[in-house]
Structures are given as structure tokens and as C-alpha cells.
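For clarity, chains are labelled A, B, C, D and E in written order, and residue numbers in each chain start from 1.
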Amino acid sequence: MNIILIPILLPLLTGLALLLISEKTKYLKELLGIGAAAVSLLAAVNILLVHPAPLHHHWLGTAISFTLIADNLSAFLLLAVSLFSLAISVYSFSMPNKGSAKWFYFNLLMTQGFAAGAALSDNMVAMLFFWEGLLVFLYTFIALSQNTHAAKRTAMKAFLINAVTDLCLLAGVTITGYIAGTMSMSDISANKLTLDYGWSLFAYVLLLIGAVSKAGAFPFHTWIPDAATDSSAPFMAYVPAAIDKLLGIYFLARASVYLFTLNGTMQLVLMSLGAVTILVAVMMAFVQKDYKRLLSYHAVSQTGYMILGIGTLNPVGIAGGLFHMINHATYKSCLFMTAGSVERQAGTGELSKLGGLFRAMPVTGVCFLIAAAAISGIAPLNGFFSKELVYKGTLDTGYTVFFLAAELGSFLTLASFLKLGHSVFFGARPEGMKETKEAPFSMLLPMLTLAGICVAFGFGARFPIEWFIAPSLAGMNIETGLLWGFHADKLYFVSVIVILAAVMNHLFGLSAGGGKPSKSSDHIHYAPVLKETYALAERKVFDLYEQTMDRVVPPVSLALFKVDRFFDWTIDALPGGVASFFGGASRRFHNGSYPLYMALTIAGAAVYILLAGGLK
Amino acid sequence: MSTFAMEWYLIAIIIFTGFYCMLASRSIVRQLIGLEIVSKAAMLSVISAGALTDNLVYAQALIITMIVIEVVVVAAGLALLVKNFRLHGSADIWKLDSLKG
Amino acid sequence: MTYHNLLFVLAAVFAVWAVMAKKLLTSAIMLASLSAAVSLIFFDFGAPWAGVFELSVCAGLITVLFIGAVSLIRAEEEKHPENRTRFYALPLAVAIFAIAAWFYLPAFFDELATGRQMAAGGGTIGLALWDLRRPDMLGQVLMLAAGVFVIKSVFPRRTENK
Amino acid sequence: MDKGLLAYLLIPLLSAVIIPFAAKNRPKLADILANVTLLAGLANLAWLALRPSIIRGEFADIPGDGLSLLLVAAIYLVAFCVTFFSAWFLDEHLPNRQAYYSLILVSVAAMCGVVTTTDFFTLYVFIEVLAVTSFALITTDESSGGIEGALKYFFLTFPASALIIVGIAVMMMSLGGLSFESLRIFMAADAPAGTVTFAAALMMLGFLIKAGVAPFHAWTPDAYQGAYAPVSAYLAGIVTKISGVYAIIKLATLLRFFDGRAQAVSEMVMFLGMFSIALGALAALKQTNFKRMLAFSSISQVGYIVLAAGLGTPLAIMGAVFHLLNHATFKTVLFLNSASVEKSAGTTDMDKLGGLEHSMPWTSWTSIVALLSTAGVPPLSGFWSKLLIILALWESGLKTYAVLALLFSIVTLAYFMMMQKKVFFGKKTAAAESSPEVSAPLLAPVVLMSALIVALGLLFPYFYTYVKMVAERIIL
Amino acid sequence: MDLPVKMLILAVAVPVLGAFLIPIAARVSTTARNAFAVLLGLFTFLAAASLFSTVLGGQTASWGLSFPRGFDLILHADLLSVFMASVSAFVSMIILIYSVDYISHYENQTEYYLMVVLFLGSMMGLVFSANLMWMYVFWEMTGFASWRLVGFFRSDRDVAKANKTILVTVFGALCMLIGIIIVYFDYGTLDLRMLHGQAISYAAAAFILVGILSKSATLPFSTWLPDAGVAPSTVTSLLHAAVLVKIGVYAYARIFGVTFAAPDAFSNAVLYIAGASALVSAGAALIDTDIKRIIAYSTISQLAFIFLGLASGNKTAFIGAILYILMHSVAKGGLFLCAGIIEQNAHTKDINKMGGLFSSMPVTGVAFALCSLSVMGIPPFGGFFSKFLVFSGAAQNGNLTVLLMFLAGAVMTLLYLVRLFYKIFLGEPAGHNNPKEGSFTMVASVMALALIGLALGALIYYPSAYAELLTNSLGVNLQ
């Protein structure tokens, strides 16, 4: 058996096996899940190192075969997926708020298996198969994580948003496959498509919708904050923070770099999308009052950087985007894990009720600090380097406005993490949390590992780039030297300014908010214009999903229903009415009157004789 | 105009009279009388046609049969009339309009 | 206007009279007169057998039947006499029909007459009935049987009800 | 006249004459005598039909044109079903019981005369006999409706007799004879046919009136609705079909409509046929009386036969003959069902009925079989005959007629579905509770006929061969 | 006569004739009747499935009964007919098993079994007929059986809907008969094997299409199908999902897919009709509140996708359509049977009166969810592949409008199914007392269908290879 199948089949089979295990068994489920994830990780490492032979299998008829290829990009992605799966499995070992353990691990393993499949698939149909297959587990993951109606509703929202955009992806794949004449991505990349004519542009746009929606970018992101409230921390750490970003950005890069040759217009579209995502989400994140919810908006916001990076279409930007993808998964998972720890230990995620936990939970606090610094782009952590690459790429395109937007996003990111960190780990500890202790080891280990990676990829930024990213972009002739290490650059200067500005803002906010760190964003939250905007956002006016469901779907379906009723009328009431008319006329005519009948007979006979009798 | 045409012209008028009677009359007796008038005219047409083609014997044979039929038909009609009269106390066929729709 | 045609006209007049007569009894008698005229026409055509049958059966038997029926319903008929306006219109209608038909019916009948096929003629009425029209005799038998059963059926013998 | 079939005419006549004497004081004997007579005829026919060559589908030794024999069989079958049904249906104290059976037997004899005769005047004579017996049969139960129906039937169909006589006069004059054969020979020759066509047109008009083809249909619903229940079945099933429709088919074949010698008549007949189909079907839609609806349905179905006869091609004649036969089966079933309903529920007003299938399953199911056959739902017999008619129309290029004829099947189905909904198919109602299934002897003829409908449909190739033979013999 | 031919005849004759023996079996005992009916279903399925070995070996089996004027009854087993027969017979068999419990609460059970088996037999006859006239004959027989079955509950409303059903479908069938007659006079034969590859006139194609559209409930004849939802769930399932509406689709595949070369403009018109149908009925499904009506609208909408596949005119789409028939039969059958369990135990069909049923009927809920996912076309369920291939073929057809219509249709499919599932199983309970789970056989039947949907996704190679073989060896005028 080809080793390439292990990361896919092992989690899937283990997941199915879990379903057979009784809920009552202790630790068996958890251990099985962790074991499968660990073995998968080993296999992934192996795959990255040896690049096993592609696997072909007859699949959908004879025309479309099931092909798995581990090229640099996909092997790298597979490694990331496996790593995060293992981390979350371990982390969830003693995490109570994850719903039924059996179903949690089932969902986790299935997600892992399908994500690995999507990463390894060379055939677009196979990729789509795994990609869309994730939908089911996305739904069950959210729906089963809490036993509330809100969870079900959010699960439905997540499912519908992703399913609709996946359908777009499906259509895009079919058109791409048709114009390329093949479904194999490696074949297409050998002979890339252009956006010259309508169909291919249409195809790319559909693929783009699928990819950015999976990555959780604006305007398809709205389920993520909801999920943050209605589902568990491990889920947030795993799916929206890690797996979805990895797959979405992976396929965006695939499509933009390997499948299509993009043009300037599309570049602008992508970059705008990235910038808008950054700003909109970070503005929302900034004013959040809930630990996970705040993080979830950041998860959206950070996607913007990746899209911006890939949208630059220059090697530096793309490398930055991909690097940011892996970095983001690392620190955002880590952050969600800290959120989970805090929630488990302190019993709440509301910022106003938390405070001063650093002493009680020093390891968690340290992990938080590292990850928060990384996400805020503070040197020398990994986030800094990837963001720098994205900035550089953006500047290279000449669109300074996007650079400024990204920097503004950076500023707000840092500001919001200052608020978050201050609220949770510093300041006065509330009365009820005197007894709070550090999280158990099984939760700390993955956090520490991820924090460690943040640091390692920061100081040793050349290693991930050299090992993973540069090979992934092998065709682009990147001057790898440019991609890592410290270069004397005006960007450092800018970043220092941003950091200073953020700190000042925080201090100003603290004083304005009466010294309460959780209110340190109120001066922006309740600023003129913004206040109204935020109020609207709270009412979900900007939520594409809610608006569509409330404003578009009912009238459209009602109109279609009316059309349906019209056709019903034409086949039911109309012929019935016509028949009734004739039948009624006949009933009135046949009134039993003998002279009428006699006249009819004689007149009929006369006409008959005149017409047929030859009586000219 | 030949005699034949004249005969048939008058036959047509008699038939017209008979049908007019059936159309205009309410009384079942007059209906029967109209019917008789029409069948008389029909007999005349047969004998006239027989005479024209020198086939009188054959025509007579037909007419004898027709007379037998006529008697039975009239008897049946009158029987129905009487039965109707016993049932409804009237011989007005226009009042018979209970079957309709 | 020959004697022959006059008989036809007479028949037509009797027919109109039979329709227009105020009393049903008059109508029945006029019908008998019509039958008599018809039988005269038969004789005139040289069809004595038909004439005899017509005179005896139609002018005789049928008239008796009619008079019987009329006398049965006469009381009711006199109580509710028919609206006679329609019958007064008959001569007018006949006249209109006659004038309208005059223009093309005779021509049409002439055309019919030209298409005639002469028959051999001859033979006796008995032979004609027995040899040529034997199935008709069967039909007559059936008809008579039917007539009997019709009367039996319409006027059943009631024993239980009384 | 076909002498081989004379016995089928004479024996019922004999029996009819005997019945009043033999059954004078024993009314039940009338039932037995009538049934035995008809059954004997049927047995004889069966004995004829069960010869190996016939079973193999070789009809070479069928006497005459084959149509007479077929129709004699149909007449006997329907008449037997009706008498058998009547034997259990008739009121114990019905005063004219003997006359009733005698009349049926006389009309059977007359119908045999109609289908075996080879002469127009004889045809007329037998048709008159048939008419006279029908008037009396309709009034059997002495109800007011019966009298009304009979009187309307009597007077509204009378113009037909006069027209037929005038037609006979013209034909005698222009053809020199009245036999079918002479007309056939004349039409096959190339002589100018104006006067003969006029004669035929007059006779055709008479037959159209007798057949109840629209616009001469006015008497049909009244007569069928008013008639004594089993008599409705008898009239609709066979009597008017023989007295009118058979004559139309016969005349159509003799006039050789298919080679266009009498095109004006042919077109007129087809038009009237189509008109009947439409009028009957549409009028039936809103009926509330079971029997009246069936009567309109009958008009509509007769329209199909007349349409095909008016076309007159061999295929059309095959369709017409086959449909005539089918009409006899399914309309008998439906009318006998209506009689059962009347006996059981006491009314035929559909608005007062409902859900009868729960208490009268046999009646309900046989009515379904019959209605599906009427509406031309395969594989029942009605489908094949309609198909032949429509194929014939299409083949002759009359596509509009073909499409219309086909689409009026849906109207047929619609009113029958309405009838099913109102009478049989539905929740158990008070009416259903109080109307038990009729006794087995009343069901037997209906079930027999239903079986025949299915059999005629499934054995279509066999009957096709027969009907084809008939069409070939009567046209060529 | 060799074995495949015998099996072919038996596959048609046993259910058709056996159906009429059911009343006799009912005289023996209820159990005997039920067992007999199920056995008939099982036998039919086995007989049809046994023909796979013949057709996969590149052979066909034919049997003819001579009828006059070229209306011969020809039974012909080829790749398409065996596929269709097996799918229908399989789902019918499941339905019969399910019925044993489901229908035991109601009256008229004997008639029910008779009609279901007769329906099955007619369907077998229909798919195996290689003569258009006999196709029509069996077509009408199915219509008759469905009439009795839709009116099963006998209330005025039921019977009115039953009448509507039969009138609409028979109207269509009559139009189809006109088309058949045109074909008959154009070519002098109705033997589909001889007509293979011929061109067909627009008039004939249009008339036949009316029949197909009415039977498979596509605009403008669609609404009889939701109205027929008054029937027992097994019937709606049988009628809607597995068999009746597939008749139209099968006829389309048989007549325009593998027999005649349909004109391009005609196929395009079909695409637009199907697109409109998909949208309109999906919209209606979002408005309606009756569980069975919603699923019926969903059926209409999904059938449009099959038509999209069949009419796109290329092999990919055709393969997709064939797979779609399979997947949709299984999944939609499951949905209707779930609806049956819910309806029977919750005593309502109004989804607003349900809510939160998942806790009390989890197995049904899971089966419902799995079947819904298959209908939505979510992997790893079989529905994904069929939807993908159909879209793929539509893309190859190059008609953007049609593609967008169907994309919108697919989106709305997601919406109404999720809405349905949410309203029934999740949502706030609305005044019901937690109805119980269905009986074992009923639940097992729905679960079996759901799992089969899953298995078909996992083992997609076999059905897709079969569909491809079918398309390659039989398809006419496909790119």
C-alpha cells in the first residue's frame, strides 16, 4: 500500500471505528484519536521527505481517475494539517466543553482525513470530493459541540455558506476541467489557462469564491464569529483557524499560481478583497468583548493578509501569503487553545469578568503573549516575517493604498490584542477567580509546541521558507535570499511606528474607558459614525448570509411559488373551468324541452341535406 | 316540369306540413297526426318512384309492408299516449321536461 | 293541372287541414281523408293493392284508433286548449316553403328522374311479396308480434294490485 | 338474407310467442325461457367458435362477411347478460314481466334481422321493429321518466323513418333495386353517382338520427336515463348500435367512402362523428345522474364509430367494427352497474352517492375496467379500437381529426373520474353503508362482460385478424 | 429459450400477473398476502438484476410476441433497461418491506399491495419494452395504478388529487401517443432497435416530450406531483422517488438518448424548460410547509437536473444523468420513507408543528440527514458524483444561462433541504409529545437506503463505469 494513503485512510478508518466504541469507555477514544493523528503526522513527514510515487486509481468511470500526488506544496500542506490535528487531539484530551468525546474525535479525525485528501489530490474532482466532504463534519462539529439551539442554527449557517460556495467551486471546477480538457491539476499547470475569454474568467471567479470562502474571507466569514460563541474552543482552534485557512489559501494559491495566469484586473480584485477583509474584520475584532469571538474576527482578518499576499501575484507576496497561512494557523490555534484553557479554568470567556490570570496560569499566559505578539507582527516572531513579505509584495505592485490598509489592520490587531491580553492576564483578578489554576499538561503541551513553532519560525524564518515555501513555488524563480532574515528596510520603521501607535491608543483607551481594559476600545467603538456602523453590524445588517436569508430568499421563493401556482392553475383550474363552462352550457341547453329538440333535429336534418345531399 | 317533379314537389310540401305539425303542436295526438302525414308522403314518394321506373308491383309490395309497420307504430304511439295520459293527466308533450341537464 | 296532380294537391290540403283543425276529432277525420286521398292516388297510379290496404287499414283502422284515443283525452284537451297561433301560421309557412322550393326543388327532382333505372315491371303482387320481399314478410310477422307485446307491455293485466 | 343465421332470428321469435302462454301463471318461467333461449343461441355460437381452425385464427370458413356472425354473437351476449340480470333484478310484482321478455326476444330477432339482411327495405323494416319494441321496453316500469323517455325517443327518431323511406324511394328509382349488392356494384363502377348518393345521404341521415349522433342526439340521454334500468343497458349497449351505427357502417362500406365517390356524405358523417365525440364528452362532464352521464358518454363513443365509418378505409372500418363490439361490452357493464347501484342505493343521482366501493366492490371494480376501456386506456380493448380509428385517420391525412379524437379521450377519462369520485371511490358514506353489494347473479353478467373487455384487449391480435377479415370481405 | 430470455419474461410477467393473485393470497391470511407481495418484489428485483451478467457481457436478450401492424410486444434487455429495471425493482422491494408495517394501520391493504406490485410490473414492462406502442401501454398501466394509490385514503381531497394525477399524466400520454403515431407513419415501425440512430421530426419529438414532461412532473405539468403527496408515504416514495417520475426520464433517455438523434434546438428547449422547472419548484419547496409536498417539489427540482444531463448532448452529462437516476431514486426514496415515519408517528405533515424531533427519533433523523446530503450532492454520498458529472456536462454544452439556472437551482436545493431538516429535527419543539421512533422494519428500510447512498459514493467506480459503458455503447448523437 502506498504510504500516501495513510494520512487519509487512517484517520477516516479510526474515526469510523470510534463510532463503534461505547461512549462509556474512558480515554480509549481519546487515545485512539491521538494515536491516529500521530501516525498520520509521521506518515506526512515521511511523505514530505520521500515524495512517494503518485497514486492512480480508477474512479469516476474511466475518464476521471483518482489521483494523489505529493508535490512540494501539497506535502507541506499535509504536514501542517497533520501537525495541527495532532496538536488539537492532544489538547482536547482533557477539554470538557467539546460535546461528546466520541463525536468530537470522530469529527476531528474525519476532518483531518478529508483535509489530507484535499491536500494530496491532484485531480480536481477528487479535491472537490474531499473539500466538499468537509461540509458534513463542519456541520456536525458545530452542531454537536453544544447542546443548544443556537449551536444548531450556527451549524446550519456555516453549512449553508460553505455549501453554496462549494457549489460555486464545483461549477468552477467543471468549467475549468472543460476548458482545460483535463481534471488533473498537474496537467493544467503544465499548460496554464488564461483569463482571456468569458468562460475561463467565470471559472476562475467561481474557484476564487470557493477558495476564499473556505479560507473565511469577507463576505463569507460571518459564520465564524457565531461559531466562536456557539461551539468549543478546540473546534475554533482546529477548523476555522487552521484547516480552513490552510485549504482555502492552498487552493487560492493553486488556482492563482498554477492553474491560471492572472491579469491586472484580477490582481486588483484579489488585493481589494484582501484589504477589505483585513479592515472589516479587524474593526469588528477590536470592539469584541468575548475572548473567542475576538479571536474569531482576527481569524478572518488575517485571511485578508494571505489573500492580499497572493493577490500581489509577485513571488514575494505569494511566498508571504503562504508563509502567513502556516504562521497564522500556528498562532491562531495557539490563541484559541489559550482561550479554551482560560474558559476551562476560569469558567467564562467574557473579558469584563476576567483579569489578572497571568499568575494563576503562567504557561498559558506566556503562550498567549508569544502568539499575540506573533499575530500582531512583532519582530522577531513568525508573524512579523510573513507580514513583512506581504507588505513588500504589496509595495512592489505599486498600490500603496493596500499597503496602508494592511498597516492599519496591523495597528488595530495589535491594539485589540493589547486590550485582550490586558483584560485577561493582567489587571485586577476578580473575586471569583482566586482559586483558578493552570490548565492540565495535555492542554499545555500543544500550546507550548505551537508557541515554540512561532518562535522558531520567527528566528529561523529561513527554514520554513527554504524547506517548504520556496520549493512549493519552485516554478517562480524566487530569489530566496530576499525572503528571510533581517533586511535593512523602511518597513521595520513603519512597524515600529505601528507598535508605538497601538500602545498609545491602548493607553488612551484605558483612560477613556475608566481604567477597565475590557473597555479600552470604547473610544473607537462609540466614536461618531463608527458607533452607528457598529450598531448596524451588531444587528447583522452587514451579514451577507442573514441578509440573503431575510431579504432575498423569501421574496424570490415566494415569486417562484406564485409561478408554480400559475402553472398549477393552467393545468388544474383552467381546463376544469373550460370544461365546466362547456358542461354548464350543455346542461342549460339540454333543458328537456321537446320542441327545442325537435327543432334541432329538423334543422340539423335540413342543413345536412343541403350540405351533403347534393341539393345545390 | 315533369309530372314526377310536380308530384315530388307536392310530396315535399306535405312532408313540410307534417314536420311543421310535429314542431308546433303540443298535443301528442297531433304529433302522431304529423307523423302520419309525413309517412303518407313517404309512401307517395315510393309509389311515385315505382311508377316512374315501371316498377309498381315492387313498390306496392313495399307499401303493404309499410302500412303494416305504420299501424303498429301508430298503435304503439297511441299506447304511449294513453299511458302518459293516465300518469300525468295530460297529453301535452311540451310538459315532459323532467329529464334534463 | 291534371286530375292526378289535383289528387296530390287535395292530399296536401287535407294534411294542412288536419294540422290546423281546432278539434282533435276533426284532425283525426282529416287524417282519414288524407289517407283516402292517398289511396285514390294509389289507384290512379295503378296500384290497387296498395290502395285497398291504405283505405282499409289507414283510413279505417288507424282512424278508429285515433278516435278512440281522442275521446279518451278530449275532456282534458278541451279544458286546456292549445295556443293555436302557431297553426294559423301554417298556411303562410307552407306558402313560403312552396314558393322558395319552387325555384329549385322541381329542377332537382327532374334531375333525379333523369337518373332513373327502368325496371322490367310485370309480375303479380303476391309473387313480388313472396319471392322478392320474403324477408319483409318475416319483418311483418315480427312487427305484428312486437305490436302485440307492446300493447301487452304498456297495458299489462293487473291482478295483484286490485 | 343469410339463411345460415335465420335460426338465430326465428328461435327467439318463437320463444317470444310462447312465453305469454307458457308463463301466464308462472312469471318465473318467463325468465327461464328467455334465458334458455338466448343461452342456447350463445351455446350454438360457442360451438361454432370453438372449432380448431377458428381457435387457430383462421377464419376462412366463416360464413358471409363475418360481420353478421360477430354481431349476432354480440347481440346474443348482451341480450343474455341483460335477461340474466333482469331475472334477478325485476320486481316480483312487475305486471308486464312476460311481455318484457317477449319484447326482448322480439328485439333480439329484429336485431338479428338487421345484421343479416342484405336489402335496404328489409333493414328499414327490422329497424322499425326494433324501435317499436324499444319504446315499450323503456316504459317497462311505468315510471314517469320512462314514459317521457319513450315518447321523446318515439317522436324525435321518427323523422328518421320518413327520411329512410324517401331515400329508399330514390334509390329504388335510381338503382333499380334495393339490395346491398346492387349498390356495391354500382359504386364500384364508374357511373355518375349523384342520385344514388342523394338516396344514400337521406338514408344515412336517417341512420344518424337513429344512432343518436349529434345534433340528432337529443333523445338519447332522455331515453337512456328514463328507461327501466336493465333496458338502459340493453338500449345503449346494443339496440341503438345495431339500429343506427351498424347501418351507418354498412352504408359507409357500400358507398365506398374510401375511394371518394360520395365525398360530401363522407365528410359530413365524419364531421358529425367528431361533433358527437366533442359534444357527448363535454356534456357528460357536468352530469349529476349516473345514467344520463353514461348516455352522453354513449353519444361520444358512437361519435368515434361514426367518425371511423365516415372515413371508410379498411382500417377505419376495422376500428369501427371493433369499437362497436367494445362499446357493446363496456357500455353494457356500465349501465348494468348503474342498475345495480339503483337497486342497492335506490337512486342514480351521483350527488347522493359516495364511497360505494366499500360495500359494492365488484360493481366498483367492473365499472373501473369498463370506464378505462371506454377512455381508451391500454391494454384494454377500447384502446386498440380507438387506436385503429386514429391510425386510420392519420393514415388518410386527417391529422386534425386524429388529434382531436385522441385528445377527447382525456375528457372521457375526466368525466369517468368524476363519476368514480362521486359514486365509488371515496370514504365510506351513509349511502354506502345502506347499500350492500347486489347478489351474485346480478354480478355475473357484469363480471363476464368485464372479463371479455380484458380478454378482447389481451387477445387483440386474434380479433384483429378477424376484424381484418371482416373489413376485407365487406369492402372488397 | 435460454436463461436470460426466461428471466426477462419472468421479470415482467411475474409481477404483472402475480399482482392479481394477491387478492387470492389475501383470502388465505394477511401474512401470506404480505409475504407474497414482498416475494414478488424480491423475485422481480432478482430477475432484473440477473440480467446484468448478460448485458455486461456485451449481450442483449430479446423476446417478442407478434402483434398486428408492427405493434409487437418486444421485451429487450440492454444496459439501460436492465439498469433502470434493477433500480426501480430494488427501491420497490424496499418499499414493499417497509409497507408491511407502515400500511398495516390502514384499510384497503389488499388493493394497496395489488396496485404496488402491478405498478412494479408495469414499470418492468415499460423499461423492457423495445416497442414504443408497448411502452405507451405500460405507461398508462402505471398511471392507472398510481391513480388508485394516490387516492388510497379515499377522502374527497385525496380522490380529487388522484384524479388530477391521472388526468394530467394521461393527457401527456395521449400527446405522446400522437408523437408515437407520427413516428409510426414516418418510419413504418415502432421497434426501437430498428429506429436506432434515425432523425426524429420536431413535431413527433415535441409531442413525445409533452408526455415525458407530464409523467416526470416537469413544468408546466409539475404540480400534480406535490398534490399527489396526499397518498401514503410509501406510495409517494414509490411514485415520486423510485419509479413513476423516472418513467419520464427513462423514456427521454430511451427515446432521445439512445434511439433517436434529437435535434439540437429541441434539446436546448428541454434545457430551458428543465432549468425553469428546477427553479420554480425549488422556490415552491421553500414556501410550502407540508413535509411531503416539500419533498415532492424537491423531486421536481431534481428531475430537472436529470433532464439537464440527458439533454446536454454529451457523454459526461449523460453518464451523470444515469448516475443521477440511481442516486436520486435511493436518496429520495429514503426521504419519503422517513417522511412516512414522521407523519405516522407525529400525526401531522405540517413542518411548523414539528421541531426537535431528533431527540425522540434519532435513527430516522440520521437517515433523513444522510439522504438529504445525497440529494444535495455533498460528498462522500453518491449524489455528489452525479451532480458533478451533470454540471460538468452542462459546462461542456457551453450554455451559460442554463448553467446559472441550475447553479441557482442547486443552491436552492441546499436551502430547502436544510430548512426542512432544521424545522423537523432541530428547531424549537412546537407542541408535540415527542413521537416515538418507527418500527424496526421501517427504520431499517430507511437506514438501508441512506447507507446505500453512502456506499454508492464510496464504490462510485462500479456504477460510473457501468453508466459509461452504457453511454458509449448505446448513446446516440453524444459528443
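Here are a few things to note about the model shown:
The rule we apply is simple: a residue touches a chain if its C-beta (ideal position, glycine included) is under 8 Å from a C-beta of that chain, and two chains touch if they have at least 3 such contacts.
Predicted model, so just to flag it, every value in this text is computed and none were measured.
Separation of subunit B from subunit E in touch steps, taking the shortest path, is 2. Touching subunit A and subunit C at once are the following chains: B, D. Of the two chain pairs considered here, A-B and C-D, the higher C-beta contact count falls to C-D. Distances between chain centres, each the mean of the C-alpha atoms, put C farthest from subunit A. Mean C-alpha positions place subunit C and subunit E at a centre distance of 70 Å.
Chain geometry summary: the mean Cα position of subunit D and that of subunit E are 42 Å apart.
Subunit B and subunit D have CA centres that are 27 Å apart. One simple way to say how far apart two chains are is to compare their mean CA positions; for subunit A and subunit E this gives 37 Å.
Of all residues in subunit E, none touches two or more other chains.
Residue positions 587, 590, 592, 594, 598, 602, 615 of subunit A are each in touch with at least two other chains.
With touch defined as above, residues shared between interfaces to two or more other chains in subunit D number as follows: 121, 125, 128-129, 132, 135-136, 139, 152, 155, 159, 170, 173, 176, 194, 198, 221-222, 286-287, 414.
Listing the residues of subunit B that touch subunit D in their complex gives 15, 18-19, 22, 28, 31, 35, 38-39, 41-43, 45-46, 48-50, 52-53, 55, 58-59, 62, 65-66, 69, 72-73, 76-77, 79-81, 83-84, 87-88, 93, 96, 98-99, 101. Those residues of subunit D that touch subunit E in the complex are listed here as 355, 372, 375, 377-379, 383, 387, 390-391, 394-395, 402-403, 406-407, 409-410, 413-414, 417-418, 420-421, 425-428, 460-461, 464-465, 468. Contacts from subunit A toward subunit B in the complex involve residues 587, 590-595, 598-599, 602. Contact residues of subunit B toward subunit A in the complex are 19, 22-24, 93-94, 96-101. The residues of subunit A lying in touch with subunit E in their complex are 58-63, 125, 128-130, 132-133, 135-136, 143, 149, 152-153, 156, 159-160, 163-164, 167-168, 170-171, 173-175, 177-178, 198-199, 202, 553-554, 556-561, 563-564, 567-568, 570-572.
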